[in-house]
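Structures for review follow.
Below, subunit A partners subunit B and then partners subunit C, in two separate complexes.
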Partner chain A sequence: MPKVIENVGCPYCGCSCDDVRITVSDDGKDILEVENVCAIGTEIFKHGCSKDRIRLPRMRQPDGSMKDISYEEAIDWTARHLLKAKKPLMYGFGSTNCEGQAAAARVMEIAGGMLDNCATICHGPSFLAIFDNGYPSCTLGEVKNRADVIVYWGSNPAHAHPRHMSRYSIFPRGFFTGKGQKKRTVIVIDPRFTDTANVADYHLQVKQGHDYELFNAFRMVIHGHGKDLPDEVAGIKKETILEVAEIMKNARFGTTFFGMGLTHTDGRNHNIDIAISLTRDLNKISKWTIMAMRGHYNIAGPGVVWSWTFGFPYCLDLTKQNHAHMNPGETSSVDMAMRDEVDMFINIGTDAAAHFPIPAVKQLKKHPWVTIDPSINMASEISDLHIPVCICGVDVGGIVYRMDNVPIQFRKVIEPPEGVMDDETLLNKIADRMEELKAKGEA
Partner chain B sequence: MSELLIKNGYIFDPISGIKGDKADIAIKDGKIVDKVSSKAQVIDASGKTVMSGGVDIHTHVSGPKVNTGRMMRPEDKFFRGSYRGGIIKQGKRMEMGFSIPSTYKTGYAYARMGYTFTNEAAMPPLLAPHVHEEFRDTPILDQAAMPVFGNNWFCFEYIKNKELENNAAYVAWLLNATKGIGIKVVNPGGTEAWAWGENCTTINDPVPYFDITPAEIVKGLIETNEYLGLPHSVHIHGNNLGNPGNYKDTLDTLRLAESYKAKNKFGREQVLHNTHIQFHSYKGTSWADFESGAKEIMDYVNANKNITCDIGQVTLDETTTMTADGPFEYHLNQLNHIKWANVDVELETGSGVVPYIYDKNIKVCGIQWAIGLELALYAKDLMRVHITTDHPNAGPFTRYPCVIKWLMSEKARKETLDTMKWKDKVIAASNIASMDRELGLYEIAMMTRAGPAKALGLAAIYGSLVKGADGNVAIYNLDANDLPSDPELIEAAFQNTAYTIKEGVVVVKDGEIIAEPHKYTLWTKVNMPENAQVMHDIKEKFTKNYTVNLENYAVFDEHVHNPRAIELDVA
Partner chain C sequence: METITMTLVQEPELFLECYSVTPDLFAGKSLAEIADLPAHEGKIQWKLGDFFKFEGKAGETAADTKIVVNGNVRRMKRFGQQMTAGEIIINSDADMYIGGWMKGGKITVKGNADSFLGIAMEGGEILIEGDAQNHVGSAYRGDWRGMSGGLIRVKGKAGNDIGTAMTGGTIIIEGDAFIHVLTHAEGGTVIIKGDVEGRVGGQMVKGDAYILGNLLYPLPGFKKVATVEKEVDGVTYTFDQFIGDLGERKEKKKGEIIYGNIFLKK
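For the complex of A and B:
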């Protein structure tokens, strides 16, 4: 009898939906049906039971081919290279559980290396702004139950977070929002006419790279200087700005969701900084919150876990081993790679080869490169060592942090391929091996 | 069969009434026993002070808002990290942060001060798995956490409809779901109002929409607590925290407990614990005529045995304030204009985080410092008045030794007062300069272990050296018969123990971490029949209003680190 498992968490985007229904085959190895998931989430579950899953670590041979080796050999090789390296870097973690992220922190503290996560090429600028200006936010249920004005700025959930609008923001009927979309005003600010803009009441087609000016214009209005605005700011007419500002001021509960359209255009952290300032201004007259549209289902996780471990969310320098240091630009992955400072690279739960600039990848490739990932991807294919692991939310459970930093407990729905380890086990074995080698004086 | 014998120390154990007598303490298999065999490991404590492991009744050390503070304050590490003071790594992991230390530093630093148990002061139920993850990564310390109930929609509705049994069933269910220890109340009704940008500043301000008042919420929760007979009482951070003139609101809140008696099997006598009472003891009408209301508050507490409190002493540091009192943090931010974080949590609570500098050259900060000390020095029964700094709100917990110094030495108080720019104004607005009371070691033991343990209903396990209690012991380099005349030496002795022993294992020796044995997560397991109405209500709210499924809400067993349940039965 196939078994139906409910309340399953989805390991795709920062929505971290936890209402997935999975039908599993008799033997617990195959996924027969996936319900309540977006198209992308469905593919991840299907991949989980694919017959093509890698089952053993693969080591690059002198002739360039890859040869299967045991986990034991892979762990020993990684431990020895970590100890040998002066400045190894472990990067990734968008697709690992928090248990794995905590184990990674232990590994890099013993190794004395650098530890970074995908925020470094994603919402890192948001962290910088939060350091300066704070973060007046809320959980997504507050938006669902209370919000009557929703702003999506530089984010396109229709494609990147497919169920965000239906589960949390625009469409759901919550406690004080019984009429759902009918009583919500949706404002999309984006240079493109996206599919999200298509469902908005207002689409402000801001001139690309001029978001900061538009924020400034809104702040002027909130501070009572609306009449001093020029006729047009950042491509938006004065009347539109005044009209939208009026909606913001009169909101009962408003939320601004922002994405990489702000963090990775001109202004970067300054865009987020002024977005937070606008939120603070609005709280003097109304109730407003703001939230980063974190990309992956647990990319909020490493920021949370490493903050309690070391006090910093990303770009960690643990080379001193008895204290941590963080200074993006100096300790950020891409910058270090570009300067060729890193002498060993571990790519885990992401694909740096696909996401980093090519010159950075070329520099990293000069040194030992390990990929820890369930799948074949660009990083695994240029690695010296590829270690397969379980897929969080599919064949291993664990805690993940949703985009609003709410912990969601993921479940295991099928058995992993025989012998395949999860991230936490693998990383702790690498840490244990390093401690062993150090104790023996082999390091 | 591990055995340990602590010989010839001066014992201070208020639970058994030992006041500095020279005696031996024996520990076998982690518990205090009458005697051990000749094979026991012996620690010579002659000339030293011996107390049970310290118990912190109220500290924000684990969970989402603590971590928001860590995340948004890199400067707390850069400028104040103790590595700058030269701490070489002692435990297995590095120690980071000053006012909001990393989990590892939290465990190590408490242990170095002789503490072995902490009670996390506010756990948002929806985010409970986060608290338990941090417990796993906090070494040595046994920990518990109190879920917050004062702005919970379920409680609002049950209390408004006078459905006490349903409210009790819901509280029991939530303690089980979150693995929590007791009922925390923060700005009752006010945080819910803050979700609309408003507040409840008196106990009679109605909560928007819900048609209930803070007074009704507090009384309803006291009744619920005593109906269940939980180990700890309702633990309250009342309305209007931090504002001049709020001592009247505090007295109003305390009076709500007047008609209630404690009902429990844990030896607890109070029905209301008013936390960080310093923040609630302010007179005056503005910051200009701000003054101490400590006398009025403590007169009331002294006269009413069904109340306990902790002081929330301001330590005059740069720190990070954080509370589930969302509107308070917003107003604080309107005062200092530094960065502000806020997290409203659906159906349950909210929180805010704002860095704050208690500058001894600011008049108000000096008066706040005086009020905390006055409260402790006016107290008649120090079993009911506990030392805290509401870590990290009034200062970091690592300053407890400094607080102890101020309480034990008038000279130390005077020295601090003398460094204040507005000393005369601080003296005029308080009675601190005229108070010559100096507390002794027995009283300090009451305020830092015996009293908190009793108020938490945990005195059979913690805060005591009686037979059967956990073998948690702190040995301080203090000769009880010859206390140093230099108060700095008192502070130094309480900062780093000679030995800290956790369940019979020496974890700290000469101020250094030497072992990291297992630790427990304490929680209250209420055994009572399932309540169909409440389960129906819970299912309905999860279907309609929460964004997390009911089946994923309760903390999974595998995420609770080494649980130790305090069980009780309700028919």
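For the complex of A and C:
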């Protein structure tokens, strides 16, 4: 009899939906049906039981082809290269569990290298702003149950977080929000007319790259200088700014969700910094919170795990062995790659070859490149060694942190392909091998 | 003042952290002792003597020591970090953190400097004859205290984040600058002789910005209040005075609100 598993976590976006229903075949190897998931989440579950999964590590040969090797050989090769490199970099972790991220911290502490996660090209600037200005945030449950004004600034959940609006922000009926979207005001601030803007009550089509000016204008209104505003700020009319500011002031509970539109346009951390300042100003007259639209289901995880391990959430420099250092611009993956500052690269649970600028990928490609990922992707195809692992949330469980930093236990729903290791086991074996080599004096 | 000359003989493969190159650490040491001082290339701890040849003599105190760096040190960072006195002259480009957390003395770079020039500087003087990159005299990540004293002069252009969270001292950029000048500042002066793209004085509580060129996108949070004459770097100009940031908290002194100022040359 096929087995139905309830309340499964979805390993796709930062929503980390944990209400998925999966129907599994008798032998526990096949997924027959996936319910309560967006189209992208469904594909990840389907990929988990694909017959084309890679089952053995593959090593690049002198003629450019890839040859299957054993896990032992792959672990030894990686450990030796990590010890040999002066400044190895391990980057990724968007799509793995916290157990794997903790094991990675152990590996890079022994190797004395750089440890970074996808925040570096995503919400890293948000971290910097949070360091500078605090984080008046809440959980998504509070948004669902209390929020009556929702602002999406520089984010497009209709495409990037498909169930965000229906599960947490606009449509759900919560404890104090029994009328759902009928009693909610939705404001979308985006230079494009996105599908999210399509469901908004107000769409402010801000001039691209001028969000900081618009935040400044809203803060002026809150500070009582509305009359001193110019007729137009960042492409938005003064009357519109005053009208929207009035809605914000009169909110019972407001939440601003922000995305890449703020973190990766000019000013970066300063755009978030002033958004946090605006939230603080609004809290003098109303109740407002702010939240980063984290991209992957566990990209908040490395920030949490490494903060308690080393004191910093990303861009870690562990080369000095006795203390950790962090300063994006210097210790961030793309900057280091562009400056040719690292001499080995491990891409894990992400695809740096697809996401990094091409010049950065070219610099990294000069050095040994290892990809640890269940799938074939651009990074695996240009790497010297590709080690397949289990898919978190499909064939291995673990702790993940949702975008609001709430930890959720993800479950294993099917058996992994025979012999395939999970990230935690693999990384701990690499760390053990490094310790062995060091003890033998082969380092 | 005694002079010690260090000449590059071996280029590092990656980037070298020259945190030991300060008059404070060189003072009172023999050439052999100086060559033994540590420098990091990734996780490898080298000695300065592995990369440089030393000549001359170090003074008894930091104030009595001048260091001249010869050879292309473009891939070397942290020269003069935390120095308190004396002088460093770098005859080429240099990398990040030149004069970071510096308390006194003087650094001259004959070429360009990279980012984090003079971050959280407390005193002394830095002169860059070429360009500087981002974060000139700004705060370290998460710190509310940027540059608090001293002078940074960049003869070329600079990037973004100039004097972020600055509390005192002066930064002079003789060329153009990009965005974020005096963001979050609580004091200090920034003079930009070229053009600025925008975001001057955002979230500024206090401080003075002088722009001699164009300010392409002024922030809405600043209001014109007067036209004044001011002397800037030895020359007197007529400026439009703007106060702000009106969207930020303000302090009161003797019952009067203290604003940050932007002076735009007429």
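Brief remarks follow.
FYI, the second predicted complex is superposed on the first by the 443 of 443 C-alpha atoms of A that agree within 3 Å, B and C clash if a C-alpha of one lies under 4 Å from a C-alpha of the other, contacts with A are read in each partner's own complex, and residues count from 1 in each chain.
The working rule: a contact is a pair of C-beta atoms (placed from the backbone, for glycine too) under 8 Å apart; a residue touches a chain by one contact, two chains touch by 3 or more.
On a predicted model such as this, the values are computed, not experimentally measured, just so you know.
Of the two partner chains, subunit B is the only one that A:Gly174 touches; subunit C does not reach it.
Shared-chain residue A:Ala217: touches subunit C; no touch with subunit B. Within the superposed three-chain model, A:Met326 lies in touch with subunit B and with subunit C [touch as defined at top].
In the superposition on chain A, contact of A:Cys98 is made with subunit B only, not with subunit C. In the superposition on chain A, A:Pro313 contacts subunit B only, with no contact to subunit C. In the superposed pair of complexes, A:Asn405 makes contact with subunit B only, with no contact to subunit C. In the superposition on chain A, A:Glu6 contacts subunit B only, with no contact to subunit C. Looking at the shared chain after the overlay, A:Glu415 reaches neither subunit B nor subunit C. Contact with neither subunit B nor subunit C is seen for A:Asp30 once the two complexes are overlaid on the shared chain.
More subunit A residues lie in contact with B than with the other chain of the pair subunit B and subunit C.
Overlap of the subunit B and subunit C interfaces on subunit A comprises residues 131-132, 321, 326. Contacts from subunit A toward subunit C in the complex involve residues 85-87, 111-113, 128, 131-132, 210, 212-213, 216-220, 222-223, 225, 228-230, 233, 266-267, 270, 273-274, 277, 281, 319-321, 326-330, 339-343. The residues of subunit C lying in touch with subunit A in their complex are 13-15, 40-44, 77, 96, 115-116, 134-135, 140-142, 144, 160, 165, 179-180, 183-184, 198-199, 202-203, 217, 219-221, 223, 245-248. Interface of subunit A with subunit B (complex): residues 6-7, 9, 18-19, 98, 102, 106, 109, 127, 130-142, 144-146, 167-168, 173-176, 252-253, 280, 283, 286-287, 289, 303-305, 307-313, 318, 321-324, 326, 397, 399, 401, 405-409.
On subunit B, the positions that touch subunit A within their shared complex are 62, 64, 66-68, 70-74, 76-77, 81, 83, 87-89, 93-97, 100, 102-104, 126-130, 133-134, 137, 153, 195-197, 209, 330, 333, 338-347, 350, 353-354, 544-549, 551-552, 555-556, 558-559.
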